[in-house]
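Here chain A shows up in two complexes: once beside chain B, once beside chain C.
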Partner chain A sequence: MNRIEIKNLTKYYGKTLALDDVSLALEAGKIYGVLGRNGAGKTTLLNLLTDKISPSSGAVHVDGKPVAGNDEVLGKIYYMMEKNLFPPAMRVQECFRWTQVFYPGFEMPYALELARKFGLNTRKKVKELSTGYLSIFKAICALSSNASILLFDEPVLGLDANHRHLLYRELLERFSQTGSTMLISTHLIEEVSSVLEETIVLKAGKVILFQNVEELLASAYMVYGEATNVDRFLDSRKGMGEESMGKFKSAIVLQRLAEKDIQELSELDLESGKVELQKLFIALTNG
Partner chain B sequence: MHTARKVCRYMVSETKVAMGFYYLFLFGVVALFSILHYTKIATLDNVGGFGISSAIFLFVTGLTSFRSPFFFLQANGISRFMQFKGTLLAFGGLALFVAIVDLGSKYLLRLFLPYQTVYMLIYQSDSFLGELAWKVGWFFLTIVLGWFLSLLIYRCNKTTRILLGLSPVFLLTLMLVVHNATGGKATAAFVDFFLWSMGVPTQNGFLGLASFAVLSGLGIGGSFLLLRKAPIKS
Partner chain C sequence: MHIDVKSEQPLFLQVARAIEDDILKRSFEEEEQVMSTTEISVRFQINPATAAKGVNLLVQEGILYKKRGVGMFVSPGAREKVLEKRREEFSQGFFRKMLQEAKKLGISKQELVKMIEGSDGQ
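Entry: the complex of A and B
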């Protein structure tokens, strides 16, 4: 099953509130995107999910069992951290071997196959890897671990476009094979939007949105045209993320596009279109 | 395999190279002493102190056994408690191994060098089991203390780290003040207590072993408290 329950999770760093009473229930076998601006609490949330840090209050349970100090539960989770936790002098192949010791389901042939696909030299020491290859190496460990819950914090950090594309593809392929629950925290929202099923948006330590990506995108649309007409259109609607260029303006409308909206758009000589997840994210998290 | 044993295996594997170098160095020193002794370049009435070098080596091993393994084991989803158990298991194994090698070398070196161990010098005894137990206790304490110290440094913030660094100076100054204020009586009492706790006046190695056990227990308890909620820090 591997249902993750987050109950009233709060984390203070000294007097700084990093996570503010977060409660979530994450179903198994879905890909979640943890989105938020810098300092929104994404990494803190992932660290708390894996007992890397202790919460100030609240708790995390997987299938009703607490995560904190629980090796049985921790063994089901693989967390690819942004920070490198591997010994710098250890060779990649040695890291794979040790990961296999701690995650008995680790698939060495698959890890080596991925290393070949990405062009990762497994004889290199961790300290000899570039930022991009360090991300690739950590992602390979995560994907090959066969853990039923995979957490990725900035998995594409330092990766070129080709490698990013390959990683997203491998991620989806692995998901379709294993059905693992995946949580991906990233700033490259538009790129990852096609991979995500559900999105969790954090702002100043609070969850401001937790919704299915398709539903979310369907529940909003973009409107473009002459600024005065856009303003008139928005008079009776909830608009956000307004952008002006000369006398033209665009805005996001947070509601489903209905027949009467299409009619009004036509009367005002305005155009509508699908909203991108990144634009919606910016609108939601700005200010 | 039980997780604690996996952790133990990893911890032991981390010390293999350093241990290899240490014994290579020790072998070199023994070879040098033997050459000096047999070529009569230097007359050696008594050779010893390898136990002290082993204790120093294990203390340094303890010092380097926290940060990197903690990060690596955290990356592999190992709980802090399991890391604690596995590490102590590894320390126990290392202490036993080094004690056996140390004791074995004693019997080997005595064939061609006037070799005396620390235990023989302190307790004037040649009991195999007594010395083995005493050495295991001593070595275990040194490695635990090294580990505890590295954990303490890791958990300290900048200010407490500076205070910790200055603490030997404060301690020394305090000892001097107390020494002068009591006309040396406090120092003499402390030395007497230390010697008693080591079982020196009574030639009782097991009293020394008991003291090592108590100190190890304190070190283990302190380490547990420090590790219990240790976060991943840069």
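Entry: the complex of A and C
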């Protein structure tokens, strides 16, 4: 269970439109990526999902029940916010205990094991943690909470490459065990790409893409070669994210690579290749 | 087992191929249990649904079979099946590409044959 239904969600901050009529149905037991440039509405969406803020219009339901003012439903969701909400003078281990008060399913042994794996000193006060360790600490709270819906807002902020790798592995392991629905919002797209099943791309408060990652990557390709030939190839197709390097050019084509495309590519002496999610994202969200 | 996120191939195909490679190398013998989708997912940092898609592909081809509640096992005769499939792929894909590349570089057939003979045992 734990299906999330987002219906016609709109949020204004004063006169600024932060989220514009967003409707999404998120299935249980999948890992979703919420991608978007700064100010696209990612955090606003996550805040609305957890009733931290009220929508201007529209609603969020989990298994048919509205989240607004509903503690029973909100108790199923753990939200790792980018902001720190723990008292700065509190020690990590105390924070774990307090999290257990609000999330009775919190698994203390697992939290301590993760702390050990990441080298997080649980006797430290929250204010003494570096940006990276603050992220690790918050992510550990989320993973250990045992909530059936986990929302991560920039979970790898300030983490070095080794810790990012470790975090994604632990997250996948936990996901396999619990089957929790996970939403991950991050700017480090290429790294998270393989971890995601579905991707939601926001631009200026609107959902411009909601698709299975693997299908998305299979339904686009890159072409490279001499600029004049690339242009000729793109005459009958829609190219995006074009990049020139001297007399050469590359572009993304949002179409499945068909036999006739391969034929034409070889006639024009062009090469084709896989598109990375990050490149696709940049092309989709530019301008 | 090796998976490269940057590779041209879709990840689920790489998962299937990596398991096939292990069967060819006899890292997994017939009737032996292979890695679970969770293990594949965690080890290679890929979504479990992607890992499962790769494994299921091999189940469909009869290379792996599922023992309910236990896991995935290598089917009897799987190695032979993989060999046959990959030999076909070799002549249709790899070998053809090599010929095309050789043509592009102006390498003649005789030179190619010489190279092959010269690389004996390597």
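The rule we apply is simple: the second predicted complex is superposed on the first by the 287 of 287 C-alpha atoms of A that agree within 3 Å, B and C clash if a C-alpha of one lies under 4 Å from a C-alpha of the other, contacts with A are read in each partner's own complex, and residues count from 1 in each chain.
We adopt the following convention: a residue touches a chain if its C-beta (ideal position, glycine included) is under 8 Å from a C-beta of that chain, and two chains touch if they have at least 3 such contacts.
Note that this is a predicted model, so its numbers are computed, not measured.
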{"item": "Overlay on chain A: chain C relative to chain B, clash or fit", "value": "fit"}
{"item": "First (chain B), second (chain C), both or neither touched by A:Leu172", "value": "second"}
{"item": "Included angle at chain A between vectors to chain C and chain B, based on C-alpha centres and rounded to the nearest 10 degrees", "value": "150"}
{"item": "First (chain B), second (chain C), both or neither touched by A:Trp98", "value": "first"}
{"item": "First, second, both or neither for A:Lys30, with chain B first and chain C second", "value": "second"}
{"item": "Which of chain B and chain C A:Leu114 touches, first, second, both or neither", "value": "neither"}
{"item": "Chain B versus chain C as contact partner of A:Gly273, first or second or both or neither", "value": "second"}
{"item": "Touched partner set for A:Glu214, first chain B, second chain C, both or neither", "value": "second"}
{"item": "Least C-alpha distance (whole Å) that remains between chain C and chain B when both complexes are overlaid", "value": "27"}
{"item": "Residues of chain A at both interfaces, chain B in one complex, chain C in the other", "value": "none"}
{"item": "Residue ranges of chain A touching chain B (in the complex, touch as defined)", "value": "47, 50-54, 69-71, 74-75, 77-79, 81, 83, 85-87, 90, 98-99, 101-103, 147"}
{"item": "Interface residues, chain A side, partner chain C - complex", "value": "30-31, 165, 168-169, 172-173, 175-177, 193-197, 213-214, 217-218, 273-274, 276"}
{"item": "Chain B residues touching chain A - in the complex, by the definition given at the top", "value": "3, 6, 9-10, 68, 71-82, 229, 231-232, 234"}
{"item": "Residue numbers on chain C that touch chain A, as the complex places them", "value": "5-12, 37-38, 41-50, 53"}
